[in-house]
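Chain IDs A, B and C follow the sequence of writing; residue 1 opens each chain.
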Amino acid sequence: MFNYVLDRLKSSIVVLFVVSIITFFVLMIIPGNPAQLILGADATPEAIQELHAAMGLDRPLYQQYFSWLLDLLKLDMGKSYVYGESVTVLIAKSIPVTFSISIFAMIMAAFIAFLFGMISAIKKDSIADYFSRSIMQLGAAIPSFWIGMVFIVYFGVRLKIFPVSGFVPLEENFFRFIKSITLPSLVLAIGEVGTLLRIIRSSMLDSLKQDYMDMARVKGLSSFKIYIKYALRGALTAPLTIIGMQFAKLAGGTVVVETIFALPGLGRLVLTAVEHRDIVLLQGLVMFVTSTVIIITLIVDISVMFFNPRVKSFQQGEL
Amino acid sequence: MRINISLILGIILVLIIIAVWVLSFVYLPYPPNEMNIPNKFLKPGIESEHILGTDNFGRDILSRIIYGSRNVLLVAISSVTLGALLGIFLGALAAMERFADTIIMRIMDGLMAFPGILLAMMLVTVMERGIKGSIAAISIFMVPVFSRLVYSMILETEALLYIKAAKSYGSSRRQIFIRHYIPAMLPRLITQFTSAIGSAVMIETSLSFLGLGIQPPYASWGLMLSESRQFFLGYPYLAVAPGIAIIITVLGFNLIGDGLNDILINRGNSDE
Amino acid sequence: MKKIIAILLIAMLISACTAQENTPEKADVKTELTMGYTTEPEGLDPHRTAAASTFTVTNNIFDTLVGVTPQWEIVPRLAKEWVISDDGMEITFSLRDDVYFHNGRQMTAKDVEYSFNRLKDAESPRARDYENIVKIEVLNDYEIKFITAALDVELLKSFVYPWAAVVPEEEVANLKTEPVGTGAFTLEEWVPQQHLILKRNENYYGDEIKLETVKMVLIPDATGMMAGFQVGDLDIIPLTGDQVTMIEGNENYKIISEPMNAVQIMSLNTKNEYLSNEKVRQAMAMAINKDEVIEASMFGYGAKIGSHLPPTSPDYYDTNNIIEYNPEKAKELLKEAGYENGFEIDMSLPKNYQLHVDAGQVIADQLGRIGIKVNIQLVEWGTWLSEVYGAKNFDTTVVGHTGRLDSYAFLSRYKSDSNDYISLTTGEVDVLLEEALKELDENKRKEIYKDIQVILANKLPAIYLQTPHTMLALQKNVEGMKIFPIDFYDYKDVYLTE
């Protein structure tokens, strides 16, 4: 067990390295000269040259890579071209937004998926089953910004229940915070529910067939107890893994929702960085997001192992 | 019964899309890119000359939807095919050659750590944008998925008895691979393939939304949806047709993938 | 457990939906203005950026020596008065003695000297525009003289632009994120990607400012912007042509609209084998229906132009009749030029400017009808700047040129040796441009510019499309908002009624 943890740690670090190399070198190939961009259209070629050198862009690539890497370890990701602010600070300011909607979305998705997933599994093949599954499938097929815009127009403009855009920080006002993240999280959740539901349903089905289920029934426990206390526990493994993975994916995939709802999160920051060729910002962002994904996956894998040692072989063999 | 419904529904939907695709070669009410500015923003109507209305440049929406099926299917199918081929190759290599194993799988892990959109954004920014860029970006995104699938399937199968038997007969590795592995892997690969196409369509839509996908003035559903964004409050009908087209396609392929998946799992899993 | 969480969540959701909004009492007149904008400023240091999105904000935080009215008149700002020498090569400003920086220190001529030197240094994007100023003399605490190398009759105008701002030396290290100026507002808060808050400067030297705060909210999405406006969250928003119908006729809203001080042109790379042929360029111009371009890109809110000056310019001369719209004749011209079967060229469009992207698409369609196949490539602004503008790596592009007060600044790129991304390499306007710079008589200058415009309309180093309108939608209680010939917003005189 300890070996497993060590193993995973080692491979995570290797993966992080690979990611850093990919990030750095891919972004260096982007056409467009950052110095030119900062100085704008009317600058003289000499001025551009000077700034280029001053920014350290003249050094050989591998040198730039290593100095970047070293700085990274000190948690210094450089200064953004566009904002002039330290990248670390910018990321720190955007984290609460993205994480809020991601977490809220996962909670909503998990809630809905568990509810319908359990119903589907228990009442397998009934109308309820088909209904849940088809609705969920639909959710995954709808482009998020479509739904987002519909929500804005309907709930925001017409019904005026939710704000049409903008983010209210948690510290400022709890209710308004929740209101500002409800619609975007809902949009995200709709996309995620389908996958989650499928997994929960099949996990539940598996677990329902287990021996201890028969034991429980024989003992004469009420259906409710059986389902909740026993079936559910056994069924938790796979869904938890998936939730972890989905959350990790979400953390980086919120661009679209953030753009529509004007939320100042990580996704929008990435878009801004890409559009302005703010290489420093982009490198920092990509490293941060992928590291988060890797770390979360690591934590999820290890904690799942804690819950259920039987899963060990499952983890090492499958996706 | 349950599986059949998913599968059947999925196949029906996909057939609809394929029919539209065929139609694009046979009949288009109007040239899809022809602008007619004085006729812009015509509302849809059964009586009207433009059944689905016109967009902000006066182009006929129905024709663009029909024509758009070409681009969408082209991008989705070719990127998944490319990604699958490369992924299968790499996965097999990693599983069968010791030296390649760690390197390849670590790189795959690295690639998988990038959230899809992020990776696509990075890649599209580097490469030329447009159809080529999208296909390239999406196929790279698909590679790790297929390679890991193949990798674990091969490892599983290797342990099976009949393979060991074949090896002891002295059949060449190539023979073993072709005659035994591939048939064993095919079902799951096909399932993955169909689901992947659904994902690819979604990703292309998002890429177009961010301005990184198929470029104007070409008709692509993702692009049409993205272009309808600015006019959403004033002319919401612009978003309906491409949205529905995308939903049908993604849903169709996902349902097929789902249905196939169920069949597979149930074959080994006496669930019924 | 699950049930408990579920119940909690539902409870939260319900209470969130019904919670009362803390609406401020509308007893007194509101003194906070909320305005929507679409592009983030690139730092707030006026000497270190070329982005218009920056100046719309910094214009309120910093001051320049002189300002401009919507009627193009030059008015005093930090300078009370000015004197230009007879030979036009020196200008002396008398500064106000009641100006204080936001950090409390009083502004003197030394600060002006420092600021202009900084404006001219290597890291400043606008350095080249001020190369002509070769000496700055501080005469006393409140008098400063600028001396130029060559005669520039429009010298005064270079002091109006928002990048010619006066900054305090001790604060420059962090100017980008913590701007300190002399302007009507201070920067209270900047949350990147979200909003900017400006606060009234209580020590401002000018007239009373009625607004206490101005909150500028970043909303990149047009739908979100309009939605915010319609629910009353935003007091002012930039308006696009198609949104006009949603606003006009509604008595709760106002629209202000002015032609921009800008030109949208289709620039041509005359080094391209096809475009080097004048007949080809003329054929292309004849095939373009500018009315349709304006209709599609600005929904009609634009004015056709035939040359490189906007109708708002005092030196404007109407050249629209020089090239007529005639696709048939265009095809013939092409044939004469030897391209009966047309040819293929590329068009780079800056993707963040919808206006140019739309116009470009329409043009591509129109050129297609006379046999010229145009391959559109949308590029990021950064790429456009380095590839098209910097490396001159393009065939055609559609872009806007904006915000100059003097015609020379608009037209100087057409000098054959300007090394700009477009120019009139055959040199017909060189001599004229030289003359214009030196001509002190305003009327004679107008004549010279008229000739230049006619030449450009005929020779077509670029095809001139339109001058678009700036449009803003305001809630009915917003007063005092004006549109200026330079790309910025000015909140000094804005106030809210009722």
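Assume a contact is a pair of C-beta atoms (placed from the backbone, for glycine too) under 8 Å apart; a residue touches a chain by one contact, two chains touch by 3 or more.
The shown structure was predicted, so the numbers you read here are calculated from the model rather than taken from an experiment.
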Query raised in the report: Going by the stated contact rule, which chains contact chain A and chain C alike?
Result: B
Report summary line: The pair out of B-C and A-B sharing more C-beta contacts is A-B
Query raised in the report: How many angstrom lie between the CA centroids of chain A and chain C, rounded to a whole number?
Result: 38
Query raised in the report: CA centre of chain B versus CA centre of chain C: separation in Å?
Result: 43
Query raised in the report: Measuring from the mean C-alpha position of chain A to the mean C-alpha position of chain B, what distance in angstrom results?
Result: 22
**Report entry** Interface hub residues of chain C, defined as touching at least two other chains
**Finding:** 221, 223, 227, 380
Requested in this report: Find every residue in chain B that makes contact with two or more other chains and list them.
Outcome: 125, 229, 232-233
Query raised in the report: Among the residues of chain A, which are close enough to touch at least two other chains?
Result: 149, 153, 157, 259, 274
**Report entry** In the complex, chain A residues that touch chain C
**Finding:** 31-33, 36-44, 46-47, 50-51, 81-85, 90, 93-94, 107-108, 111, 114-115, 149, 152-153, 156-157, 160-161, 163-167, 173, 175-176, 178-179, 182, 228, 232, 259-262, 264, 268-269, 272, 274-277
Query raised in the report: Which residues of chain B touch chain A in their complex?
Result: 1-2, 5-6, 106-107, 109-111, 113-118, 121-123, 125-126, 148-149, 152, 155-156, 198, 202, 205-206, 209-210, 222, 225, 229, 232-233, 236, 239, 243, 246-247, 250-251, 254-255, 258, 265, 271
**Report entry** Residues on chain B engaged by chain C in the complex (per definition of touch)
**Finding:** 33-35, 37-38, 40, 56-57, 125, 129-130, 211, 215-217, 229-235
Query raised in the report: For chain A, which residues count as touching chain B in their complex?
Result: 11, 14-15, 18-19, 22-23, 26-27, 29-30, 124-125, 129-130, 133, 137-138, 140-146, 149, 153, 157, 194, 198, 202, 205, 248-253, 255-256, 259, 267, 270-271, 274, 282, 286, 289-290, 293-294, 297, 317-319
Report summary line: Residue positions on chain C within touch of chain B in the complex are 221-223, 226-227, 240, 242-243, 245-246, 292, 295-296, 351, 354, 357-358, 361-362, 364-365, 376-378, 380
